[in-house]
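Please find one structure pasted underneath; my questions will follow.
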């Protein structure tokens, strides 16, 4: 009868939140759209950075600490570099780190969740204990230890955040699996002699995809935030400055050159807010409760 | 177009509902009426049943009495007179004082009616404490006494345990104990036995009958199980599509149902009390969809005796005997009984 | 009283007490008025508090108030008496006699005698101190027969000695506590006992160091302050915020973020003192042991490839000068007609191709490991510029900021670097600050910090250094030094990034005439006085104590409560409908 | 009844111990994974030969891997997490020296986050789909999105530097040494900003989960029964519904403690508080790996302990769990 202790009680993590009241869906559509908007701006800006600005984010120039003006939309930093291009290219780094590590986390999480949910019994028990361990270990501190021991660099940071972040997805996918397993169409497929692999991929996966998308949105937000933390502590990749690193470099100029910290900070917060809103909106639409990062 | 039934607020009625209309608005904006002009009375100490299929509005009507209409329901019209005061116009605090003291309610699913994290004794005690300034020990004693009255053994240890340590039947007994804690004038039982197996159902019904006889508490029984009505209730009201289609003393309703729906209901239940063995009859068609009801008699689409007039307009409640009325143009006594 | 370890006693917030020292604070508030106190800030936990043995800035900052020396040097470079009342130099320049003050005692009460001076010079200053080795190379012995007279005997005349007997190089240690101990591991390097105006009483690692006035200080009326506290704030932004807010009264040398000087200058009542007597400069020590930096053309390419002009203008505007050649511009012996390595990426590319390191397919030539002390944001900015400059000439820079102790270990000692940028004091005489970087005798195995870490070996230069030391005639000495500078500048084993003057900023409303010493970090705060106006102000203390804050916090809490109440009182959605719906 | 709870505590502890062991093994593996000779890593880059030999002997570095693991585990379990090269002191002693600051900071932050989080969660749930719900929802989303290191600096800029009503950092006033209750007040004054910075993320998290759990609880039958008994609206909300929702909130508090520790590292750096977070961060650049891994193991153990505590609290709150 002992519920798995450390895990969030199933009900909170399960789709218990189906909106009982129809008129709520409008509220959550709104948050999805606002989220997409907030997310879209930095995403698009980062993607078509070369179109938006010719300035090289790394090029030094004598015009240091200039306030935002036509020449430099977001002003220049302490070494005369154009903040606008640094925010855009920094956005690329942050988003790449966020999306790729979220991808890794999603893949592992889905795999673990599917296997645990489908086979149940011993496998489920073992996988859930492992999930529990990963859920308890302070992920960010572990990320610091790994980066400090194995050295920084974009690829390592991505792998570390990805490999440590799959717990949330695993929980949601498993929860859905427990429900879907008992659906008629799964039983029918089993009777039809389909192999476990076919059932999982052709029948169950499509139904789980919406929850994976929700989890992906939230994971990306979390990953970008974690990367910005690592950069702030000086463990980021100095040759590829992300928003976190820009904020760290702007520490000393909060008053002198407010634009150096404000724009990267806004971009970072906007993106994470956008991702959370999208995740939230989709979660309510599919009835999946907010997933613990 | 709903015409309200003739108001019959006779003095001794404990509860008199007149022309109650409860509307639900769906997300898409259109509204439908769960109760559409319902009127009924319950005398002190009387046991009245409201019978009908699920979705007929009987449960919503019952809840409206305590102003507990589930969201997004709204009471649009009508009066609920209780001991001479209209509950719908009463300020919230007074309604709150009335709930649990003068009118109590027992719900359908005992498994979810008790708060899983609070001890049973405490939840029953709360019903008392909400309405009376008593010391903890006094409340404790009352709780034990109540548990004994509803037949729960080993009361002291039982009061201390949690709901999940009770069986279904015992939980319903606890709910009833909670209901009658302040010996209310009226006990509303919303499908109290539906979630229980048959043997337990009988015990619960017997318990309620004893309580009614012992303390004279009027009982308004909401059920879709016609059989229960026979053994417990003095009067029956049949609801269909949000309105009362027939009401009258139990024997008369059972012996000579006038509204085809009541008749069909009685024919779809195995009868042990009558000798003639007739084939069970299933009511054809689907239960009415409150969003698009037919213009005329709401039962018309499923009524074997429907005539043209039934489709045109809705019949009013017509008296067909002492306290016996039905909402039908044809009435069973005129229709030839099918095989 | 002094105890760095703390046992955790955790009660509720009301009764919270954390360290034994904090337990002591739990006694009822003492009656005496608030002690007159200066509050400074350090940028790092000093690895050691021992100016006699090391030249780490934070060690000076935390140690110079505790240790004394024979003389002290002011901002203009003039020498003043301290432990020595007066001194004489023999005509042949080989004997220096110092007449010591009589009434001086160590913090633990033991008397200060010439025996301490003899022990300190012979065992520590001449052997262990990075600058001491150069300045006192010619020291043969110290005659301490008379307890109040110390006579230094040199094998050859050494003009640098008089400029080297101050607390930057030769702080005096108590012989009775140090003799026979392992100097490196001696706990006294963290709990110093000296003759200085302040005694170190409390060091909470990571938080602060607290000093109390040395009651038995030999100059009456000094120091004017009862207590000195140095808070440890590694985050530069936090340090400036504390200084701006009045929680800290002074920032100097490495604790002063140069990027903010223009802004700090405008803070109310702030005065700035700077001096370049000690010839401080950021030097890029190039490791000549490994490929490709053993090739002079590669080193010259570095000199051309790094835009030192841009760094000067942006890292320390207004307080930095260009240093052309191994000697800082402020020094009279500097060779003025050396030609600078102008910023010329094209020339740098030519040199690198000539040296046989063409660009590979991906456009890069080789890697350049650049190490520096992580908490010095001036070098962090230089590193950013250098990485960008060198990437233009095909050199990929691996930036490696390390904490001071790790920098010493990984950089200087285990030589895993291509260039270390560090702050060096090259004055007041090249024999002290410059010679040590280039002479082959200053290379050790295992390597030591702040020595000839670029492993530059040139017998000709060794010979010239010896020859110039023997010259009595300053003109002859200059002529030899000019030759040395030409050779060294051509070899560029050490690339000077920029020379700068040590800067100290302090709040004149709290203290006055601070930082008159040759370098802000060498100030012993003995001579700092209370400006008349502040006598009363200080008692009240810039922070108005807790009264104001309690008021504000209470107001804040009230606002939050009102907000919550408003949220609650707003008509509950439940109340608008007629009924109580679940 | 207590028997059940006692049993539960034992079971949780039994579950906790392997978790800690696994964390130690994980750290052991990480150090072995790092490039270069683990002995050099543990002994610092340029150790004196004797110190290098001492480290090799202490951790049996030349013995087969299993033996090394066993020795490492035995050391860790006895509380010997190695010696810090930088401080030259045993890691455990250092951790205990710095831990009180972090403990106080995180406990205060988590306590205030829980109180505020639950309060806002209940209010938002009670008034769901109204302006209040939107305001609380929006604020909690912001709480998720603003990186606390930026927030911390802005708070210092606003409250300490511009408004000059709160100290900019540090543990206690360096200007005046307070004694007795004044000292406690002084420390409290210095903790206002750090705790606010650290608690924001947790408050947002707890608000969201409490709101979700409350909405779920308010939909249950026992709430209607409570109304039918004549309970007032606030009694239903704060006693019947919240009693059920609390189990979720408490579980979240447990799970989020690990994230809180991460926040503590950053907060201690910005505000110059001498806590475990700062010690952990400084050890990175000092390449003081024994201290770093020691801090990590200690932090993970603390998280495990906190989760055990929250499990027990959940078991007390919800009789169905663990019996």
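For this structure, a couple of remarks:
Think of it as A, B, C and D in the order they're written, each chain with its own count starting at 1.
Assume contacts are C-beta pairs under 8 Å (C-beta built on N, C-alpha and C of every residue); 3 or more make two chains touch, one makes a residue touch a chain.
All of these numbers come straight from a predicted model, not from anything done at the bench.
For chain pairs A-C and B-D, the one joined by more C-beta pairs in contact is B-D. The central chain here, found by comparing per-chain C-alpha centres with the mean of all protein C-alpha atoms, is D. Taking the CA centroid of chain C as reference, the farthest chain centroid is that of B. Rounded to whole angstrom, the centroid-to-centroid distance between chain B and chain C, based on C-alpha atoms, equals 88 Å. As a whole-number value, the distance joining the C-alpha centres of chain A and chain C reads 44 Å. Centroids built from CA atoms put chain B at 52 Å from chain A. Across the assembly, chain C contributes 235, 237, 374, 401, 580, 582 as residues in contact with two or more other chains.
Of all residues in chain B, those touching 2 or more other chains are 68, 70-72, 96, listed in ascending order. Among the residues of chain D, those touching two or more other chains are numbered 129, 153, 157, 161, 219, 224, 227, 247, 269, 285, 320.
By the touch criterion stated above, chain B contacts chain D in their complex at residues 66, 68, 70, 96-101, 104-105, 107, 109, 112-118, 126-127, 130-131, 162, 164, 175, 178. Partner chain D is touched in their complex by these residues of chain A: 1-3, 5-6, 8-9, 11-12, 16-17, 20-21, 23-24, 27, 132-133, 135-142, 144-146, 148-151, 221, 225, 228-229, 232-235, 244, 247-248, 251, 254-255, 261, 265, 268-270, 272-273, 276-277, 280, 289-290, 292-293. Interface residues of chain C, counted against chain D in their complex, comprise 5-8, 10, 13-16, 18, 22, 25-30, 34-35, 37, 39, 45, 47, 204-208, 229, 231-235, 237-238, 241-242, 244-245, 247-248, 374, 401-403, 405-406, 409-410, 413-414, 416, 446, 541-543, 545-546, 548-550, 552-553, 564, 567-568, 570, 572-574, 580, 582. Remark: chain D residues 8, 11-12, 15, 19, 22-23, 26-27, 30-31, 33-35, 41, 129, 134, 141-142, 144-147, 149-150, 153-154, 157, 161, 208-209, 212-213, 215-216, 219, 247-248, 251-252, 254-255, 258-259, 261-262, 265-266, 269, 280-281, 284-285, 289, 292-293, 295-296, 299-300, 303-304, 307-308, 311, 314, 320-323 touch chain A in the complex. Residues of chain D that touch chain C in their complex: 44-46, 86-87, 93, 96-101, 103-104, 108, 119, 123, 126-132, 135-136, 153, 156-157, 160-161, 164-171, 173-189, 192, 218-219, 223-224, 227, 233, 269-272, 274, 278-279, 282, 285-288.
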